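What follows is subunit A paired twice: with subunit B in the first complex and subunit C in the second.
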Partner chain A sequence: MLSIKNLHASVEDKQILNGLNLEIKAGEVHAIMGPNGSGKSTLSQVLAGNEAFEVTEGEVTFNGDNLLDLATEERAREGIFLAFQYPVEIPGVSNLQFLRTSVNAMRKHNGIEDMNAAEFMKLAKEVSKQVDLDPAFLKRGVNEGFSGGEKKRNEIMQALLLKPKLAILDETDSGLDIDALKVVADGVNALRAPDRAILMITHYQRLLDHIVPDYVHVLSEGKIIKSGGPELALELEAKGYGWLGIDDQAAANHG
Partner chain B sequence: MKSASTLSNAFLQPAGQALPAALLTLRFDRASALADLILPTRKTENWKYSAKHLKLTDDMASTLPMDASAEAGDYNSGYTVVMVNGVVRPDASNYPTLEGLSIQRFGDLSEDDASVAADMLSKSISDQPAKSGSVNMSQLNGARFEDGLLIQLQPGTVLDQPLFLIHHTTASHSGSAYPCILVAAGNNSQLTVVEDYVSSGDCSVMVNTTTEFSVGDGANVTSVRLNTEGQSVQHMGTTGVRQQRSSRFESHSVGFGSTLRRHDLHVRLEGEGAECKLNGVVVTQGTQHYDNHTTIEHVAANCNSEETYRNIAADKSHAVFNGRIHIHQDAQKSKANMSNKNLLLTSGAEIDTKPELEIYADDVLCAHGATIGQLDKQSIFYLVSRGLSPRDAKVLLTMAFINELVEQIPVEQVRDTAHTGLKQFFDQAFKEV
Partner chain C sequence: MATTDEEVRELIKREYEHGFVTEIESDTFEPGLNEDVIRRLSELKQEPEFMLEWRLKAYRRWLEMEEPEWAHVNYPQVKFDDISYYSAPKRPEDMPQSLDEVDPELLKTYEKLGIPLHERAKLAGVAVDAVFDSVSVVTTFKEPLEKAGVIFCPISEALQKHPELIKKYLGSVVPVADNYYAALNSAVFSDGSFVYIPPGVRCPLELSTYFRINAANTGQFERTLIIADVGSYVSYLEGCTAPMRDENQLHAAVVELVLLDDAQIKYSTVQNWYPGDENGKGGIYNFVTKRAACTGKNSKVSWTQVETGSAITWKYPSCILRGDNSVGEFYSVALTHNYQQADTGTKMIHIGKNTKSTVISKGISAGRSSNAYRGLVKFNPGAEGARNFTQCDSLLIGDRCGAHTFPYIESKNKSAIVEHEATTSKVSDEQMFLCRQRGIEPEQAVSMIVNGFCKEVFKELPMEFAVEAGKLLEVSLEGSVG
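For the complex of A and B:
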């Protein structure tokens, strides 16, 4: 589904990704771990099409298409979804209006007619319950005044609503209390499907207790330096990053 | 270089004489006073940004004639008075008939009522010559009006529907129009007045308006002002408000039209416990130039003022906001809140904002804030990453900037017109994507 080859990317002339390779097939769940500043969010932003990041080398194909040729909105409509590490607050734009515009943009792309307000309301209420968000949140501004945990649940709610082919979850587990972690994990597990892939960025094994990945990768200085199965995450949890030769300073920042 | 110029003599010649003596006298005095004043220049403090756009050439001086074919607009369901080029067209109007309400044309006023009108005009706070000694637009209206309305509400009278005043300027040749509206709302009366400024034709014209509100004790007056005139119109508007004890005044102004618009809004809170709320939405595009100058004077104690203006400027347009709050010495326990937020959609657009506070009382709560920003890139990315087109994302964000104010407009037809106008604005402003 997703094939990343030798990806180099920079932001404001600072090189961040340095030859990253990754293959993800439909139905798989991949976890990426790695020290702060290693480039995990950069990878997710590049995949989603944030123009602040410049791809300087390498290629990315998504279901056979050159992903880097697609505009941000085209990537979304083709099924790429990014749950932001820091969801943006947009006062004055109601969550409901935003989500309906989004769902209808996807439907239009797939040749399906618009969902009317009533139909949409019903659907939105269902998914908000699924992530344990009071439907009253739908009427508020997008992420406006949401707590950290509420923002993360709102991201998962959007994923459930938009049913992406590839869901990239950037630290969706950070800042969640134990109950919320369970809710988010249940949401992610509900997304698991044979025709869908999930790429989770996380610092913590505890999420991986709930969502068992097929592969775990370690990202350091813009490259994947080690890949393995779920046992790799346990090993990292026990030993930290030092044994992989990642410099101690970066490893000390971990978490 | 040419020395500072005065107003051409052609501007000091009103056409019609069919007015009561008191008003003729007032008009004559205004014209005489104007003769020696210079036109505003960029050195005139309150015309700093707008003087260069003001065009008062001789061809603009003649009074635009009555045009019996001018359309009244779509407000036929309610109370309407249509003024064409500053003169009332009774045949196109639909006057409310209500005990306690009188709407009279200046030409029909009794001597007593004419002195009421002249008194309101001569006391008009916005009519004082600018300190700089330059021509003031409302004085020019005073020197030129041909017709006008005196709207009087007896104490306790409540108008059940908004009164629409449709000001139609016919720009089929150059000239100017000087509508003049006086509203005297008696104690505990209530009314909503909509001033809708429209135009047809595309010759250079100026419409120069005066609107005066006298708001009695406990009265509740709402003024809605909509400007959708064409691109050949210079709009010079002045609104003066005097509020008595425990009265409430609201102003909602929305502007997209005309090439140059200047609106001076001056509210005096003269009676204890009075409160006002002033909302303004301005969107500009192309080479439009909009200048809102507001003054709120807290004269009496315990008054409350709340002001919120939003400007959005696209293309090479320019918006100016100057908000002055003057709290007099005796106005203890005044509460004043002023917010002006501005959104620049292009690098070629310009917005200037200036809050001015003069506070002479010691026990007051006064807050003000002004910001100028652009659409937030992260917000656009967030929306677009959910499949919205960049254009839809920008429209949502821009709309969010002013929606709160549009939704507060208490007259549905005006909200609808605002939405239509905004949609056209967005179509134009975000055409590139």
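For the complex of A and C:
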């Protein structure tokens, strides 16, 4: 589904990704771990098409198409979803309106007619319950005054609503209390499907207790330096990053 | 349309019979302004003697006045001697005869705004349909108004039929020599609306419906006078979301509202005059004086405005809160794009006890435009227990535009309370990225973000108009991203 070859990317003339390779097939769940500043969020932003980042080398195909040729909104409509590490607020725009605009943009792309306000309300209420968010949040401004954990649940709610082909979750588990973590993990597990892939960025094994990945990768200085199965995450939890030749200090500071 | 040409001609003729223009159809004054011009104007309009005296007084005062320079706008000097101060309405044969003859760009905009088909022709100035609409509209809307005792007519007609009301109230809120443009307007005003709501009457319909259709023909120097008698209520909507083409560069309107005890007026404006092209060429100069006098106790006035048009806007709808417990509100959205300049705001003059005012101003600047808020809150010595709340927010789109805030507060009463909040924000790259990541078109994203920013003001607009105002922002913001 997603194929990344020798990806180099920079932001504000600073080189961040340095020849990253990754293959993700439909139905798979991949976890990416790695020290702060290693480029995890950068990878997710580059895949989603944030224009602040410049791809300097390499290629990315998504279901056979050159992803890098597509504008952000086109990638989204092709099924790439990014749950943000730091979701931004849009004051005055109700969550409901935002989500409906989004859902209808996707439907339009797929040649399906708009969902009317009443139909959408019903659907949104169901999905908000699934992530344990009071439907009252639908009426509030997008992320406006949401707590950290509420923002994260709101992101997962959007993934459930939009049913993407590739869901990239950037630290959707950080800042969550134990109950919320369970809710989010249940949400992610609900997303798991044979025709869908999930790329999770996380620092913690505790998320992977709930969502067992097929593959775990370690990112360091803009490259994947080690890949393995779920046991790799356990090993990292026990030993830190030092044994991989990464300066352990940065890793120790995370979270 | 199932009407024969014969009938159409009949209708047109009838319209002109009860208009005032039959005998002067082709008349347009030579450019230039002097006392003779004013005399001829007043005579043509068959005005009572007192009106001519009033106009002349205004003119003489105007001659002594200087054009103001303090507004935060730049424009070449207006040449008042190049303007013709009277021109008869276009004759039907000079108007486009059908929608096929109308600029397709204009029609496209009407469509985007969701203006009903039958209104588009009227707005575009199509001769035949115009007559149809106004005839039917008059009968549908005038009847319930008359039954309620509401007077709603052109001010020129009110001068003939209700001179005593005009004599009493015209200039009572905006004196003839109030400011340069108001003085000019007083001297040469062409026409406008007159509304009188009798005591205890709640106007049975929003005066918007009627007005929207008629708004297309407003003059260059428009004069509006609304009087809400004791315990009455009226909601009045001025303007139209449809873009108005107009050859007149300068518009200097005056609007006066009078509120007696317990009266309430809700005055909403949507202004979308031609703003000039993307290089800043052309466009209307809109220098307007709007003021409400809450003369009675417990009266309440709200100004709600959405301004997206005009090359230059200079406008400060104000409230004089004279009656005890009277309330003044000002809700404003002003959007500037390309090379537009706006200097708008309000004045809240607290005179009576326990008077309250609220100001919510939302300025949006895009392109290379400049948007200024200028507000004055004044408490006179007698304004015991008065209070004001002001919130001024600016939103910038791109980095070549500007926003400025000039709040002035004058308090001569220690018990008065003022609260002032101001923010400036940008449509951020992160917000845009979030929207686009969710599949939303960039232009739609901007308009959604801007709409969210304006929410507090839009909710003050009459329902159906809030929707149109939202669409209007969308159309006005076209080309602001990328």
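Please note the rule applied: the second predicted complex is superposed on the first by the 253 of 255 C-alpha atoms of A that agree within 3 Å, B and C clash if a C-alpha of one lies under 4 Å from a C-alpha of the other, contacts with A are read in each partner's own complex, and residues count from 1 in each chain.
The rule is short, and it goes like this: contacts are C-beta pairs under 8 Å (C-beta built on N, C-alpha and C of every residue); 3 or more make two chains touch, one makes a residue touch a chain.
All values reported here derive from a predicted model rather than from experimental measurement.
Applying the stated contact rule after C-alpha superposition, one finds that A:M106 touches each of subunit B and subunit C. Within the superposed three-chain model, A:A197 lies out of touch with both subunit B and subunit C [touch as defined at top]. In the superposition on chain A, A:I32 contacts neither subunit B nor subunit C. Look at A:V127: by the touch rule set out above, it reaches neither subunit B nor subunit C.
Contacts of A:I16 after superposition: neither subunit B nor subunit C is touched.
Residue overlap on subunit A between its contacts with subunit B in one complex and with subunit C in the other: 48-52, 71-73, 76-77, 81-82, 84, 87-88, 90-93, 97-98, 101-102, 105-106, 109, 141-142, 158, 162.
Contacts from subunit C toward subunit A in the complex involve residues 428-431, 433-442, 444, 448-449, 451-456. Against subunit B, in their complex, subunit A makes its touches with residues 48-52, 71-73, 75-77, 81-82, 84, 87-88, 90-93, 97-99, 101-102, 105-106, 109, 141-142, 158, 162. Of all residues in subunit B, those touching subunit A in their complex are 376-379, 381-390, 392, 396-397, 399-401, 403-404. In the complex of the two chains, the subunit A residues touching subunit C come out as 48-52, 71-73, 76-77, 81-82, 84, 87-88, 90-94, 97-98, 101-102, 105-106, 109, 141-142, 158, 162.
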